[in-house]
Structure formats: structure tokens, C-alpha cells
Amino acid sequence: MGGFFGITSRQDCLLDVFFGVDYHSHLGTRVAGLASWDPEAGLQRKIHDISNAPFRTKFEHLLDTMRGTSAIGCISDQDPQPLQIRSNQGNYLICMTGVITNAEALIDQYLSFSGGHFASINGDRINQTELLSALINQKSDFAEGIRFAQKSIEGTASILILTDRGTLIAARDRLGRLPVEIGKREDGYAVAFESFAFHKLGFEDVCELGPGEVVEISPDGLTQLVPPGKKKKICSFLWSYYGYPTSTYEGVNVEEMRYRNGAIMADNDREAGRIVPLDYIGGVPDSGTPHAIGYANRSGVPFARAFIKYTPTWSRSFMPSNQKDRDKIAKMKQIAVKELIKDKNLLFVDDSIVRGTQLKETVEFLYESGAKSVHMRSACPPIMYACKYLNFSRSNSDLELIARRVILELEGEEGFQHIDEYSDGTTERGRKLRETICEKFHFDSLEFQSLEGVVKAIGINPCDLCTYCWNGKE
Amino acid sequence: MGGFFGITSRQDCLLDVFFGVDYHSHLGTRVAGLASWDPEAGLQRKIHDISNAPFRTKFEHLLDTMRGTSAIGCISDQDPQPLQIRSNQGNYLICMTGVITNAEALIDQYLSFSGGHFASINGDRINQTELLSALINQKSDFAEGIRFAQKSIEGTASILILTDRGTLIAARDRLGRLPVEIGKREDGYAVAFESFAFHKLGFEDVCELGPGEVVEISPDGLTQLVPPGKKKKICSFLWSYYGYPTSTYEGVNVEEMRYRNGAIMADNDREAGRIVPLDYIGGVPDSGTPHAIGYANRSGVPFARAFIKYTPTWSRSFMPSNQKDRDKIAKMKQIAVKELIKDKNLLFVDDSIVRGTQLKETVEFLYESGAKSVHMRSACPPIMYACKYLNFSRSNSDLELIARRVILELEGEEGFQHIDEYSDGTTERGRKLRETICEKFHFDSLEFQSLEGVVKAIGINPCDLCTYCWNGKE
Amino acid sequence: MGGFFGITSRQDCLLDVFFGVDYHSHLGTRVAGLASWDPEAGLQRKIHDISNAPFRTKFEHLLDTMRGTSAIGCISDQDPQPLQIRSNQGNYLICMTGVITNAEALIDQYLSFSGGHFASINGDRINQTELLSALINQKSDFAEGIRFAQKSIEGTASILILTDRGTLIAARDRLGRLPVEIGKREDGYAVAFESFAFHKLGFEDVCELGPGEVVEISPDGLTQLVPPGKKKKICSFLWSYYGYPTSTYEGVNVEEMRYRNGAIMADNDREAGRIVPLDYIGGVPDSGTPHAIGYANRSGVPFARAFIKYTPTWSRSFMPSNQKDRDKIAKMKQIAVKELIKDKNLLFVDDSIVRGTQLKETVEFLYESGAKSVHMRSACPPIMYACKYLNFSRSNSDLELIARRVILELEGEEGFQHIDEYSDGTTERGRKLRETICEKFHFDSLEFQSLEGVVKAIGINPCDLCTYCWNGKE
Amino acid sequence: MGGFFGITSRQDCLLDVFFGVDYHSHLGTRVAGLASWDPEAGLQRKIHDISNAPFRTKFEHLLDTMRGTSAIGCISDQDPQPLQIRSNQGNYLICMTGVITNAEALIDQYLSFSGGHFASINGDRINQTELLSALINQKSDFAEGIRFAQKSIEGTASILILTDRGTLIAARDRLGRLPVEIGKREDGYAVAFESFAFHKLGFEDVCELGPGEVVEISPDGLTQLVPPGKKKKICSFLWSYYGYPTSTYEGVNVEEMRYRNGAIMADNDREAGRIVPLDYIGGVPDSGTPHAIGYANRSGVPFARAFIKYTPTWSRSFMPSNQKDRDKIAKMKQIAVKELIKDKNLLFVDDSIVRGTQLKETVEFLYESGAKSVHMRSACPPIMYACKYLNFSRSNSDLELIARRVILELEGEEGFQHIDEYSDGTTERGRKLRETICEKFHFDSLEFQSLEGVVKAIGINPCDLCTYCWNGKE
């Protein structure tokens, strides 16, 4: 994933940008960058590996030597950023969030006609931000260039540029899958993925960019370079999975959405007569916790934290890109509170069930700790399609998905004709899917939030939501 | 605070000790050390500053070069440890948790008679672990030496030694204020402050050392060098404040104790008729949260996380020793979820109210975020005496305590004659104290857990608990 | 300056390339890089700042993780190198020595037609190696591309490329101003600026590339891609100033050339009747020393090291690009041996007299140490033109040169019409120049090596030598 | 070896101490330390490993945070220093140069009676500076303590102490084997091993401490605590081997002594009729070079540098304590100038011939490079006894010495009865020794400087010189 943050101001703003970028640390663990512009010092930039020490530690010494009335920074899970580029568009710094899924095709096409080259390479992989800038440079100005890049790119690319005039250019990805928020303070403007980052620094909300919208910002105001498109497809998982509890997108706070979502799941269970004797409701940390709180508050069953993450030295589990490392770390960082498990009837809410690898260990651990019964709830519908826009499910193919694998097992490829039924717990096929997973994992019961339920919990116009991974609608 | 961890085994155990020490990271943020013994390599040791990068990052490269069939390590908030000492007792490594409050007197006394010296000094401060070892070396063996040291020391000193024979010597402080836990696995034994650390590594509980007890441990078994004393005074705050949710001391889990404690507070409020209209119950993170969950579960009012700590880059707030830094960091790392605050009636549970500095900002922030009413609950009685055994309140004098300051304000030093009444909310003086603090902080109501309540929530023999900071009983 | 080194072999050669690059450390102090290719691991690369720790220290840990059957590396005084580039010519690594003096014009021209960009930028400065590669990429193969780049570039660019097939492509600059040497060992070939680097690793000389010559090298042999040009202009200062004593260029060893050069100066002095009473001959370290040895051996006057450089912690004085730092460091690192100066008549040989700044302090220090007389000799003719091919004199304009400044002082700009006379110590103007500098610096006498003398000392075909800085001949 | 430097001043002197310590870098390559005292900041100290980066690089950042009106520092080849000690003598910092050869006995004795301990340990080795301080602390003041320590210690210990009153206490070892020099400047005093270090900083010579002399120094003046002893035994190798060319001890400059020594050797050869046809005289770098210059100047044969050390990245060869590393590094850092060797008759001067390991490779390399003949000269007599005072020969036993080994070979242990004859080249045994070594190393001739010659070259009272390693006189 990754995230960016920037300010353009009438005064030095580097310290604020330092803190603002730091507030995006939950979005990535690999590499981070900070860049500034100052009428005298010009452009400065520094990139550090943050895989074994947090952003703050790696960048705080820069506060002594860098300064800028405009500055940008980013946390990245992929390529080193921001890049400094000189082209026919001048000397500028650029970073992006998202992923270019047709990168190889675009690179070949570019090299075949441009006479240009790529210089930010790690082994065989070309830095996607350099590819993005190469596309932008094909046109005579940033507006046209970004429009061209967005049209060419498959995937998602939100962009933040710091120009050699000290202005910021912010562009949201073509279908608004990821947020770009604008804030205002007396001395200037801020751009962020996470609006709470600029709220904590005294900025107030101005607007959220629309899909594909591009603006140029100076301390004196915003100029729209490209108007927003009509179609929006913001990622539903921002709320249900990887948003931070303090995050607010499209006016909807993540924590609050999760309470609502959990409450709807409790209602669903009650309405469907799925009432079982329970001692505690718990969440699989971190994202499952607030869904569970919502469920507990609505159902009246006590909430308890039977799993605790050992946080002082571990960052969040989303990050490592290799599954084996993820599993191993996950196992060591989750610690069971046996006193809250032994001889107890438990209902657990997880944010989602993707491949199921991690869940299996979780449940085993619960039974080892003496749980009497374990009921599992997924805070979203079965995931039937691997994400092709943000690559957040990190699945190389649909067949890594547990739901798909179970369908294949039940009736072969033929079953993929009936994905809608499998998603729906009220159909025969839907019931069968849930039962089969239950058996595999030794759950006493399993249910998924319905598509209607999660959409209702988010609460914005359903057309504006991307629900591709659940129902395959593009 | 700080904590230690060690293993003596029939096979190389350095990786396990690495993970075991890491699980004590919540107990300190300054400095850490790792030492090992191996029949061939002998004693090896490394110490690193961990103030800007976690233990894992600083020590993981040592896994390539160190090895040992016995190893110890520690997280420390004060002095660099373990120290390697050579004396008439041989060549050994030693670390401690706790604090020696009469250090200066002991140093003067030692230098006046011994002809010895101290060599681990930072500025004017002598490393307390070196002082401890100097005391131990006064006698002809470890048993006598530790007995002598414990008798001389005011404060608290739990000790872990790695001898040049590869055995561990573990000693709990004289009154058992801090825990020392022993675990067993097929290949050997583990010693820990936090038993969950060795549980995660496959060890099972053997015993908890008694007050002043000293044992020597080899892979083949334990030998008691000094039997436990009769009097025990384990710190109550281990459960209510600085223990980790997964920690278990004297057989009582921290998370569970907090749920019970919150439930008792809810009962107290109900019984005293302190029923107010409430939308949410919340906890001041991190320690206040489970107290609040317990309160919410019992009261039926929904639990909500209106404050979220931004954890990816910040470690826990307990650590910095200077108040100004603590306040500043606290402010930036707590993020309000305005949607859960605006126009809401809220009841917040904090683990304790010490100086009140941090609490003031918390409340102001709530009102700024539009709270309709804020009711505050302290999960323990008013703190009337600064801790002189563990120095955990980090107060230089009783007069830094908010309760003391209010008493002084209300009726001068005379008031200190009536501390028992002030502690008790049912007396006139107790009521006055609560009202005055309420006004200062603009709470709509304030109540403290009773001494009986917190003791009941812990649930062990009350004689074994130190409650000095609440009632002054030594 | 800077230098490069590479090997292509049938076995892993990274350790050898590590040592080979290290032997170029005298050529730069800013930044260094190491890159490798291996059939399995593909291309790998690492760049480090070496301004405060030597190459060995910064790169030795890479020997654990990198490997390659082909590898290249460089020491650079300007831009980070080698760069990894992907273009229509594939994925390759490239480094250069020399300087592109028309960089800005080439950049503008490139950006105006190519649609490409530059991504390796520091502040406002584009990495010259990226510019070089951009030029090479304009053509369909390396041979044509390098030919085009050499034609476009003003200045000097010797090139070493590591291709994604593991071959090396080595190209000497168009006029052969800098050396590129090829060596052979059983397992493959080496390319170096300094041939002694590969001699120490067991390679034997194969050839020196001719001006503009380009070869591709695999372990199986060399293929000539571009034949050498006819015109050669190798820099005379390689011998008289910045070559290492162990270096050999065009078959002429640096140390030996300097002995010959000193001997010719002694002969010149004798023939011109400039015989003065002398106790010692000394050299201004480092480059002046062997010139002085040659003078002493020929004249029969004892050689003595009245100045000693404090080398353990200082690198050579040539490197820092800012004059103030150079002066300050120079002063602290030269230590006088007063016993060899006091009451002595001394003749000192310096490699050259450029701006004269450093020399002034040297002489003052001699008189402070009690020298009876100080006679100065420059091992080359007066420098009348700032180098525009290699920028080694680091002068921004001719008027920083002491000789020019004295001429201006003596007769104004008119004097620049008579530079030949000023260079020649036998003319009236030449005599006047020497007398004026003598007075400024309080020398007892001053003489310069003649152009004929230095050319004779080098001993190769005079047409092949660049003597631009002395006589302005291009 | 190692060396120390300190200043006590009326103004901040940390920068000067930084430079002053740096000028002792030729004396050690392992570890260095810097400590300061200031009326406000008190005592501060920092120690760094300098094995892979020079003192300057490791300590320059401290200039921002440390300050002091008094400061000391040291370069050490053994233990980390200065140590900060608190004892009955107060809080002080201490460093030493030299070696305690009876350390184990002193440690056992100390632990048996004192009740004290050692805390600065690396593996099994106790820091010798802590041992020294433990001895000093046995008495009631520094004067008595140092007197006691010097009486107890076998070996050599020169001492520099920084007290908690900001004064310096400097003590020369009991027999004055190493120098301690005092300098004065308007604002205070300096103490150094190398007087050129304080000369470069504007101090003038005050005095050299006498053997065993102890002084306390404040900016206002010196107080003698212990008067000098009568017997002096300064190490002759300070001049002939490990002193820096700019060093001056007992009023005799090292470089000048070496010229004289070389000249005497030339005279000896001439007088003995050892005249051979020679093209060049060369020195084995670094120490052999000035001996060779002296020889060349006297003999009239040209001096040439046929071997050049590659200095930019290598520190001097004396340092590594393990022979294998020393050999390997020696081989890579010496580079032959073949043009000065091929078909030439050469005479080489080495500072000494100890084990002969390195010399063997040197000669082989000369013959490989085509030398016609190689004549070797040692700038001192045959080394017959391993140094037991400074351990500079780093030999564990006399039998590592090449001279001893040859004697053993020639006539067994019996030969050790005739060491005087073997030393003397004019005896039959002396001639035999030289011939045998000649054969082993394929020299065309070999001669040693005579004892009289080297003593004459030094020029001080022969009684004051230690010549133990040559003639066994204690």
C-alpha cells in the first residue's frame, strides 16, 4: 500500500511534514522518503530503508539539515520514493501510492518509442514511480501528462508532486480507489492519504479530491488542473481492513464503520436464529477488534481480548510481502490470554478470510488453550476475486483464495459458475461452503457478513464502492 | 522498571533468549543487553542503546556471531546491563531489575572499607548493577553475597546471574515486590520476569520464586541457595498499571484482573447511585482500556475506543523519564476519533491519576472534540504516597501528586493528618477532594476505585500486596 | 578525477574486484560503487559515500552477500556510480571517469527531442553518468551509442559497462586523455585505470586501449567494437602530479619519470649557473617528493624530508573540492621537522604551482622554523591555462592561476599576448615573472621545469601529450 | 603501543585535544577514547572502536556535544580507555600506555585481599587500565597510589589522569621507557606522548618528565607529586623503528637520527670494504626509508623508492597483533615499482629483522621483479631477546626471533652462550650468522648496524638507553 503527505506553506514546514508522514507509518514498512523545497536551498531529498527501524528514527536527524517552505514525504511498501526527475517539465519530485499492474508492457512500449531510459532499478525491477514520471513527461504540461498517465495505467496511481516552483500537484487515481485529502491552515495547505495526519497538525478539511482530479496548490490557494471524473470506485477494504481506526474516508470514520458492521452482524445472527451460548466476543487483532466490539455491544455478550498483540517491537501484520515470514511473525506476535479462553464459549470476528493460513493457527491455538467452542465471523463476504487494482490481497491468482479452493473441492471448476450462490449463506451452495470451511478449521460455526451488510455499514452511495473482490463487479 | 530473561540448556539457546528478552520490551526503552556462555566460547556480551530502535533491530545481527548453551539478557530503563564482573567469586555476568534507593550511602560505605572501586560510571552516576555486585562480592559465595546485598539494599533488587560454569543464579527481591518466574522444557530451564515469554517458547511453569529466594539452575535442575522469606509485598500496580495484558503474576492474569476491577467499579457506581446517562465507556490507552471493557461489560453501556494510540512508530508512554518529553509525546500519539466523541456522554477509565498533567490535556481534547459530558474513573484509589520501592511513579516528592496538592490547597499541611478520609469517597473530606479535582479538570464526575475494590480484583492474599502508595502501609 | 576497475571471469571474482577498486582510492574521496553480475543472481549494485571512511571499510561487508563472475566498481570524485540503466539496449551498469563540460547544453538538447528524463539528481545537478548513458541509448547498439556519445561530449569520458550478459564494455575517451588498461589471467580479463591494480591480482598486461577505442570483453576474449582514433592527447599531469608512484601509463612509470624530471631540473640549474649553497633538497609531499629525489640524486646535495605528511588519518590533499577546506587540512597534515630546517639552506621541489595558496603557507612555515634560505622549483612549466578537459586544476577561470595574476599585475591584459615569453625563463618577461613570484613568496630563488624538460622526462611521442595548461595547445 | 594526549586550560580545549589525540593515530589501530571535564558539565567520556575507521571519523561528531576546559584522550592497541573510576580517590578518568606483564598475578593478589572487583572485561581479559587504577586506589592519594602501582607493575605504565577538579595528573613509567612531554601555551598546559602534537597546536616545550616522575597540572602551573628516579632506560626502538619521523624524544628527532644511522652504516660498509656495485639504495617502508636516505646521502649511490606503500586505505603495518593478518596485509599494501628493480643492483635498508617472515616475501618479490642483486642492511643489531617491557616485538618467546633460530640451527642451545659473538659481525660466529641468513633469504649480502653505531646515531647518554633486545642488558 503506502501513503503520502505534503505541505506548501509561507513558512518552514519540514517538522510538520516529518510528523505528517510519520502518521502514515501503518501503511508500509519498507522504505520512506522526505523531500523539501525552499526558495534558497532549492530541492533536497533523502530516502531511507525503514524495514528495521521506524520512520521517526531514520529521519529525525534530517530535521537539523533540511528545511523547506514546501515539503512532501511518503511511506512505501514497494519502491524508494520520492524520485527527483528532470525532464521537459523541469526539475521535480514525485511519489505515488497504488500499483501499476501493466508495468512491463508500458516499459517496453516506452523504450520502443522514446529513446529514454530508466535509472532507478533494483535488480530487474524498474521503480514504478520512475515509470509513472516517464508517462507524465510524454506531454507538455503536468495536467496533460497526468491525464495521459492515468489513461495508460492499469491498476491505481495517486500522485503527489513537488515542483521546482515550490507548488504541490496532487492527483487522485482515475477511479478514486484511494483517498487524497486536502487541508488548510493559516499558512498554507496540506495533502494527505490520512486526513487525521493534518488534523493533528492544525489543518482543517478543505475537500477530498474526486476520481482522477488534479490540483496544483500554493500557499495562496488551489487551482484545478483536471476536473474529477464521474465514476468512483473507492476500495471497501479501506474501512473493513487496512484503514487505521482514526482514519476517515468519504466522511466515514473507520472505527465507527466497524462498530456498525459488527452490530449488523449481530443482528444478522439473531435474525437468522444463530443464537449460541457465548462467554465472550473477541476480535482477531488488529482490524477484527472493532468489528467485535460492535458485535459485543449489540449482542450484550461481554467483549474480551483473548488475543493480544505484542506491539512494542512488532509492526502490523499486513506488511511483509512474503507469506512465510508473515505467518511466522504472526504466530510470535499474537499472545493468547489463556484465562479468557479456557472452558469458554467464544465468538471471534476477523476482518476477512483470504487464504485462511493465519486463521488456522489462530483456531488451533484457541483449542490448545482449552476453548470449549469457537464460532468464527468474517467482517466481510467471502473473497471470491483477487484484487487487481491495489494488489492488497497479495494473491497471485484467484486459486489462492480459500473460498475458491473450497468451491473447486466441492464441485470442480463448474462451481465457479455459481459464485453468487456460494457467497450467499442462505442458499444451499452458500451453506455448503460455510460448512466445509467450518470442518477444515474446526469452527463450531462460521458466518460471513453479507454484501448488503458491509455496504450499509460503510453507508456511502453503493455505486461509489468497489466490491470487486466479493462479487467481481468492476 | 526493566526486566530480564535467561535460559540454561543442553543445546544452543541464544535465539530463544533473543525472543524471550524481546518479550520484555514493554518494560523499558533505554538500554538492553545480551550475554551468553558456551563451554568453548566462554562468556560473551553485548549492550546496545535501544532508545531509538527496538531490541530486535539492535540485537538480531548478534545471532550470527554469538552462541551459548546458557544465555541471559535484559531490557533496562536505567543502567547498561548485564555487567561482566571478575571478583573472588569468579568471572560472571549479572543484571537486575528494581532500584537501589540508598545507593549513595552504600557506595560511600563500600569505598570507605573495601579498597575497591567502581568502573561503570556515566557522568556522576555509578551503575547500580555494579554496586549490587560489589555488595555480593563481600561474601565468600553467591548465596551469602546475595543475602548480604538484599539486607543492605533499600529499594528492590531482583537478580539474574550467569556464572562461568554456565549455570544461572536467580534471586527475587527481599519482599517479592517484582516477580521471578521459572519455566522448564525438555532441554533445560528458563527464568523470566514475564512468564508468557517462556510459554511462547515452549516452557511450562515450574514455580515463582518466593520473596528473597535464591536458586542456582543448570539444565539438570534447581538448587535452592536461600529459602524464601515469609513476608511478601508484591506491587499492586503490576496488575493495575504496568503489567502487559498477557502477563500473569501470582497466578492472576493482568487482563482478567482489569476486567474484574472495571466490573467492581461499575457495581460501586450503581450501588452508590452514580447513574448518569452515557453513550460510551472508554479507556485511556493502554492500561485504562481493559478496566473500561470490564466496566462496560458489567454496566451494559457500549464500549468504544474514542482515543486511539498511534502505535506503529511510538512505544508505550510509560517510559521517558522526563515529564516534558512524556507530555509532548503523549499528546501526539493519542488520536481522538471525533465521531465517537461529538455530542456524546462519555465515561472514561484511566489506570490511575498520579500528577494529573496528562489527564488535563486528554479532557481538554475531549471537550474540543465536542463531548457533551465527560465522567472520569480512576482504576485505583487516590495516590497519596510516592513509591519508594520501585520509583515507578517517578515523583521526586509526595507533593508532585495531585491528591496531595489538592489537600494542601484545601486545608494546608494539617490536611495530611486526614489522608485516610481523603482517600475514602464516602467521607466529607473524600467528597471534597473529588469535587475539587472535578472542577480543575472540568469533569462532570470523578470517582476512584476503592482500596477494597482493587484488592478484591487482584484476588490474592491482601497481606501479600504492597498498597503503600494508596494507604502508606509499609 | 576518479577511476574504475572490472573483471569478467569464469569464476566468482568479487573479492578481486573489491581489491582492484580499492587500489584506485587515491583517485577520489567522495563516493564509490560496486556492481556484479552472476548467471543466477543477475545484476546487483551498491553505492556508498566514502568521504569519511575508506572504500574498504564501507564495502567489505558486501563480500558476504554479493557475488559475481563479472563485476565492476569505481571510485568517484563527482557522481554516485555505477548506475543501473534499462533502455532499448537492455539492463546494464555503467560508470565513467572524466568530466562532461558541456553537460547543460547536452541535457537541454536531449530533453528537447527525446521525451526522456533524468532520475539521478542531487539538488540541481544531474548525474553525468546518467547523461552519458542517455547519449549512448540514442543509438541501436553500444558501439554506435558510445561513438555518438564521444562525438557529442566536450571534456573527457572513459567508460566501463557491465551488460546483462555478463560481458564488460570498456571505452577510452576520444583523445585518450586518461588511460584504460586491459589485463589477462587464466580465468578471464581485467579492465583498469591503474594497471598495478590488476598486476597485484595476478593479471598480465594485454594492451592499453587507444583513443576512442571500444572493446567488449568476455572471459573468452576481446572483441573490438570501435577501432582507436589516430589523435591522442594523454594528460601530462598523470605523470607529474596525480598519478600514483606505482602507476605506469603508456609504458612509462610515474616514479621513474619524476626522478628523470628532477634530474633534468638539476641539470638545467647547473647549466644555467644557478648554483647556490644548499644543505638539503626536499619535496613538497606527496607528488613533489620523487621530483626532489631525482634532483638530489643528480646534484649530489643530500635529500631530506623536512616536511612529513601525517598520513594515518588524512587522505591525500588533492581531493576536497572546496579551496578553504583544502588549505586548512593541508596546514594541519604537513608537519615540519625543525631539525632539518633550522639554519639550513633548502631547495624545495613542488609538483606544480597553480594558485599558489598552499605554497605560501609552506614557505612561511619554513622561515618560522628558522630556514636560512628557501629556493623553490616547480616540476613543470608555469600553468597558464585552466584545464578544460579534466577540470583537474579545479579553477573556475584562468585568472585564479598565479602566473596569470602576476602577468596582469605586471602589464595588464596586454601581457596575455606574451604568454610564451612569460613561460620561458630565459626571456626578460620570463625572468620578471619568476622575480615577482619570488618576492611575493619570499623565495630566495624560483625556477620552473621547461616544457622541453618535462616532455623529455615523460619520454613518449610529444604529439601524444596534452600540454594545454602550459602552452595552450589543444 | 598506544599514546595519550591531554590539555588543562582556562578555556574550552576539546577541539585541540581532538586534534592532539589524532596526531597519536600512528601508535594504535584498535580503540580510542576522549574524555572531558568542565566546571558545569562535569566529566564526560566516549570510547569508539577505530579498527575500521580512523579516530577523526569516529569522534568528530562529539565536537558538537562535548566540551571541557580540561580533556584527555588516547589511542590504544589494547584495552578501551580512558576508564572512569570512582574510588576513595574520587571520580576520575584514567588512561595508560605500556603493558603490565604480571597482570594475572596482580589480579589474583588484589582479589585475595581487597574485596573489590573488576568490571571492564572482554571475554576473559581484564582491562589493564582498570587493574592499574585498582592498584592506585590502594593508597590514600594519587602520589602514593601511583608510586605503589609503579613498584608493583612489571612492564611499563605511563599514566594520564583527569581528576574531578579538572586537573591532569601525568606519570611517566618507572624507568622512563616511554616519553611523557609537557607543553605550555598562554591558556594552559598540554601532556603528550608525541610533542609535535602540541607544537602543531601552539604549545611550547616545558619539559620531559623524568623516569617515574609524577606531576599534577592545572592551567596555573605544575606541581611535582613524585620526583624523577635516577635510572632511565628509554626504548631505543622509539627512534629506530616505531617513532614517527616528526617525533622528537630526549631532544633527538627521529628522522634525523635515522639519517645519521644510515650514514654510519654507509661508513661501516665502506670501512669494512663491503663495496659492491649498486644502482639504487632503497628502504623497506615506512621506517626503513629514512635509514636508507641517510645511507644514500652518505654513500653517493642514488636513493630510489622501489617499494611504495599503498596508503590511501591502509594504515601502518605495525598494528595488527596477529601475524597472519599482518603478513597478508603487508603483501597487498606494498607495491613494487618494477622499472626501479629490473636488472638493477639494489641495497635495501630495513628498520630491523625480527622474525624475518615479512622480509622473505619482500626479497622474493624483488627477484621476481628482475633484480640483479639484493643487498640487505638492518638498521639495528640482530635482535636476540624478545622485549619484556613493552611487548613491541610481539614475540611470545625468544625462539620466534630469526637470529635465535639460526643460532639453534648452527650449534644447538649451546650457541646461546655466545650471543655476543653472534651479534658482532667481525667474529667468526657473527660472520656465520649473517651468511646463513643470507642463504635463507637469497640476499647477496647482509649486514647489521652495530650496537655502537645505533647508540651513536641516537646520541644521548648510552646509560639512559634500553638495549635489552640486542644485548640482553636489563
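Letters A, B, C and D mark the chains as written, and numbering starts fresh at 1 in each.
Heads up, the rule we're going with is that a contact is a pair of C-beta atoms (placed from the backbone, for glycine too) under 8 Å apart; a residue touches a chain by one contact, two chains touch by 3 or more.
Nothing here was measured: the structure is a model prediction, and the numbers come from that model.
Chemist: Chains touching chain A and chain D alike, please list them.
Modeler: Joint contacts, listed by label: B, C.
Chemist: Per the centroid of Cα atoms for each chain, what is the distance between chain A and chain C, given in Å?
Modeler: 53
Chemist: So the centre of each chain is just the mean of its C-alpha atoms; given that, what is the distance between chain A and chain B in Å?
Modeler: The mean C-alpha positions of chain A and chain B differ by 36 Å.
Chemist: Where the CA atoms of chain B average out and where those of chain C average out, how many Å apart are those spots?
Modeler: Distance between chain centres, rounded to whole Å: 63 Å.
Chemist: Per the touch rule above, enumerate the chain pairs that touch, sorted by label.
Modeler: A-B, A-C, B-D, C-D
Chemist: Could you list, by residue number, the parts of chain C that touch chain D in their complex?
Modeler: 19, 22-23, 25-26, 52-57, 60, 196, 200, 244-246, 248, 253, 255-256, 259, 290, 293, 296-297, 300, 302-305, 308, 310-316, 332, 335-340
Chemist: With touch defined as at the start, can you tell me which chain B residues reach chain D in the complex?
Modeler: Residue positions touching the partner: 42-44, 83-88, 91, 107, 111-121, 123-124, 126-127, 130, 133-134, 137-138.
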